[in-house]
């Protein structure tokens, strides 16, 4: 907010050629230790959809986890922005694709058989939709499968910072050094108003992206309202600090649950999302105390249990966590 | 071919207002014992895609079997013509959807939650992609699920005639009387050059379809080249005769296989498609004799077996069947 | 900015059901003296494209001025979001459509002839792209032509406030009372960071718009960042004050030019845009002093002249205007 | 029809890899004296739309004559198949584009300004929509303008044969030797049932076209029904003979009109289309005798006149022409 305020006064050229936008581009180059092509957009759905649209083809298919955000939570925007490419959802434990499952799915779309279409991209989420992480070698293995079919690997990094600090690796290591070709770099879930970026690690792939973005109604006359957010976000590593905090709160929450009878943690949390099983009684008590969540259908819960998704963030305090645990204990 | 030749000479008004086209419309009304809206197109993919596009919505989802032709064999044309509606493939034994599986899948796309989109249609194939059939009450049960969410039931009837003669029911019984709202009525697989039709059982649904079809490049200046095919196809019930013949050849083929060692028929054939398991030796022998087929990946075959798809048609003769069986026996 | 800051602290429910969003809806109802359906988006292109997409049809055509922003300045986003509806640009003096020209253009797209498609909407800009205005009766006359073909009248109100204060009428009078069905209500050009709204005067037309907007990647998890801008924008009529100021600065600029030799004003300014003809010498002098503008091709300029577009805004001061005039005078 | 009948019996592999299809490809290579990539489709709208879709880009614009078939007679299919590229119609006498007018229109879509989009293709019709022809050097001049902006020149050759025999040049001379990159080669208007082809003169441009065509529902399981038509069409130069005949009938009709009082021919016919001005009395007399035509709005006709379009074809006889003239004379 402070960064945004700093850019309220004064005049600036419209449509993104202001000095701030140029400075942000340099910051992304530094961050990724490589010349990248970076484009700011206003929502994660826009970042994902336009990243995929860049590589879309007639009859193209995007391979992703069946629970991927792009597959089930974006109102089919990826299908729309790619002019009808198909998203092929693949099963996989705890939100993660395996190279074998990916290869099997891609083999069903062989080369030179137009009936079945053709691969256009592979997409993974880091953090995944179940709060888990891909290790660097796992990313590379999936990238290898994608590249063996001549399509890029996209990473949905809506929680990029949370993954980074959890793995304790560099942005370069978790992306292009592990075979990632294009990244949706999210700021919104980690503290920004609305600040997302598409980062191409092969800048040549971005030829024409300016047109794709403008046609998608994602070009802002006052572009500095997004770049200013990124300026504040990246300054003094504040984005890593907020992510570290969110992850720590998640760990605190998980640790606090472990000794509570009736609570199960079927998925090991690795970032800032927790997927516990509570008894219905526990859930009711929390709701009575003001908590809001919804039940995720799952085949590993009994009739007396619910499976929930809890997210901690930059603004979660230890006190909030402890209060939640108190109500959970009853 | 004869019907087509009959319309070669003489002049006719361009673009589908010729007397023959009008006559075809009346024939479809008679066939279905109801006033229908019928539109001729040139491919099954066009019929399916445009039928679904009629009901498409922003964020819409089409629910179908995971092996449905629209889902895996049409180069994602349905996604394209619906401007990016998602096809949600659902598992089900022997190519068939069950009401429970359909309901579960549709429940994941609840009302009033734009993130997940919304239902646009349900689609089934009759004959299914594994040569099986829906009984009338099974169709009705799926229609009920679709209608409970206010979306239509589409039937991909690429092999409509084969299903009809196998079930020994009327066209009306197998469609609108069982809850079907729109039908892709196929002629090509049963003897036509290229003759497919989209049939709307609620003619009001077809408002605007003329524009959809013209925009899809499926309006023919010499429309009688399709209507003439249907004229010949429907005349004297010749379409039912060819379908009956194709089905009979399939039965002959299946019956002939039953006593051959090494052959298994995991799916009971109900129309003109057969999905046998052969030993690799048998398959090799058939290929050496000139047969052409391809191996379908399956988890119920051993290393020494292949799973194949065989189709009989209006032009298959008993001699061909017997020759095939001779080679199979070795 | 202050309004935005007020909403920085504290927690709010994600995805637009926060109390602030509800309050904004009420404010729009009050503003337009009618229950409207209002949807916030982040760019003018998004507002226009989604407003038009709401009424899009297969084969649909949108009739607009040939110089309309939607026709030439939005990278064909309207064509994209409408899945390929055609924009039919119509000539007209000083950026304005006439009912006769509109009717002639629409007559070329008659009913019941799919070859030519069919009308989907009519769109006008208020303020127009040449800084002129439609009077209320002129709007009504265009609405009548649109409605006679059963399509809505859309108003691109990127400069809605500037038009309103210039005509000195109410928001209701300039929209639905004059036949407007849907409005792109712009805040960005009048002081907001990025705040645009689509306003439907027949709320029933907006059925399904939530899906259209989500699929367009225009739904913000922190929706209050847009609604807060509108809160500040509308509060105490500050939006009208900024518009009045911008218009006054334009008048001051125009008045100051009238006595300068070599300057011509072929189009009477009516809001905050000015389209003067300068001598090339004058233009060069201004550029040397730091002004930035570009030459608009025009057939009414001599070889020694340039035709320019100048825009005043909420932040333009009298001193700036006078300094500009000083350089112009030389 | 005979060619089609010859391929009715016997078996052939489905989906276009039959020997006949291969033979047609070779015939096109021979015809154009060059290795081309040729794809058969079923309508002219499909040929045009898919040719243009091959070169479509986000924000792309196709420049064509304002009266071009693709611009006004295809229900906006080109916009749809290009996922929303804009068609920019340009004025020009007698249906013809001039290099100057084309350059002026393209200059309004400059490089590196995403707001205005970018050029994707230039399209001309040969024969034009007003029955006129481009000379070879005129085609080359338009190709030069297109190529200077790095976009291809498309030729809508719905009446390709009529143009060819009128200019008395070779297929190669009228296409790639004059700068044409891709051609819609029409057979339907010159005697086929439904036979159109897209011909790429730089075969590399066609990479991926198989997917585009399949996704467009333009792949036929019995592809030989189109290739057989082309076989008959091209055999023994019968296509040139039918075109020559149609053109001759048009000349006979024009010549016969010249001495009839009240008839004017404002556009010199160059192929098989005639655009005469008749008195209303003459028109009424013809209609009473059974002729069917419609009045084209024109600003050069008096109140007592009508402007009409007459087309002769392969099946028009001298007797028909003379009978028409007899009624015209009254």
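Letters A, B, C and D mark the chains in the order given here, with residues in each chain numbered from 1 onward.
Just so it is clear, a residue touches a chain if its C-beta (ideal position, glycine included) is under 8 Å from a C-beta of that chain, and two chains touch if they have at least 3 such contacts.
Please read all numbers here as calculations on a predicted model, not as lab measurements.
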{"item": "Chains touching both chain A and chain B", "value": "C, D"}
{"item": "More contacts between chains, C-D or B-C", "value": "C-D"}
{"item": "Chain whose Cα centroid lies at the greatest distance from that of chain B", "value": "C"}
{"item": "Gap in Å, rounded to a whole number, between the CA centres of chain D and chain B", "value": "35"}
{"item": "Euclidean distance of C-alpha centroids - chain B vs chain C, Å", "value": "49"}
{"item": "Whole-Å gap between the CA centroids of chain C and chain D", "value": "40"}
{"item": "Per-residue multi-chain contacts in chain A, two or more chains", "value": "58-60, 74-76, 80-81, 83-84, 114-115, 117, 211, 214-215, 219"}
{"item": "Graph class of chain-chain contacts, one of line, ring, star, complete, other", "value": "complete"}
{"item": "Residues on chain D engaged by chain C in the complex (per definition of touch)", "value": "58-61, 72-76, 79-87, 108, 114-117, 297"}
{"item": "Residues of chain D that touch chain A when the two form their complex", "value": "15, 53, 57-60, 83-84, 114-115, 117-118, 208, 210-215, 219"}
{"item": "Chain A partner contacts - residues on chain C that touch it in the complex", "value": "1, 4-5, 8, 11, 13, 41-43, 45-46, 49, 74-77, 80-81, 188-189, 193-194, 211, 214-222, 225, 292, 315"}
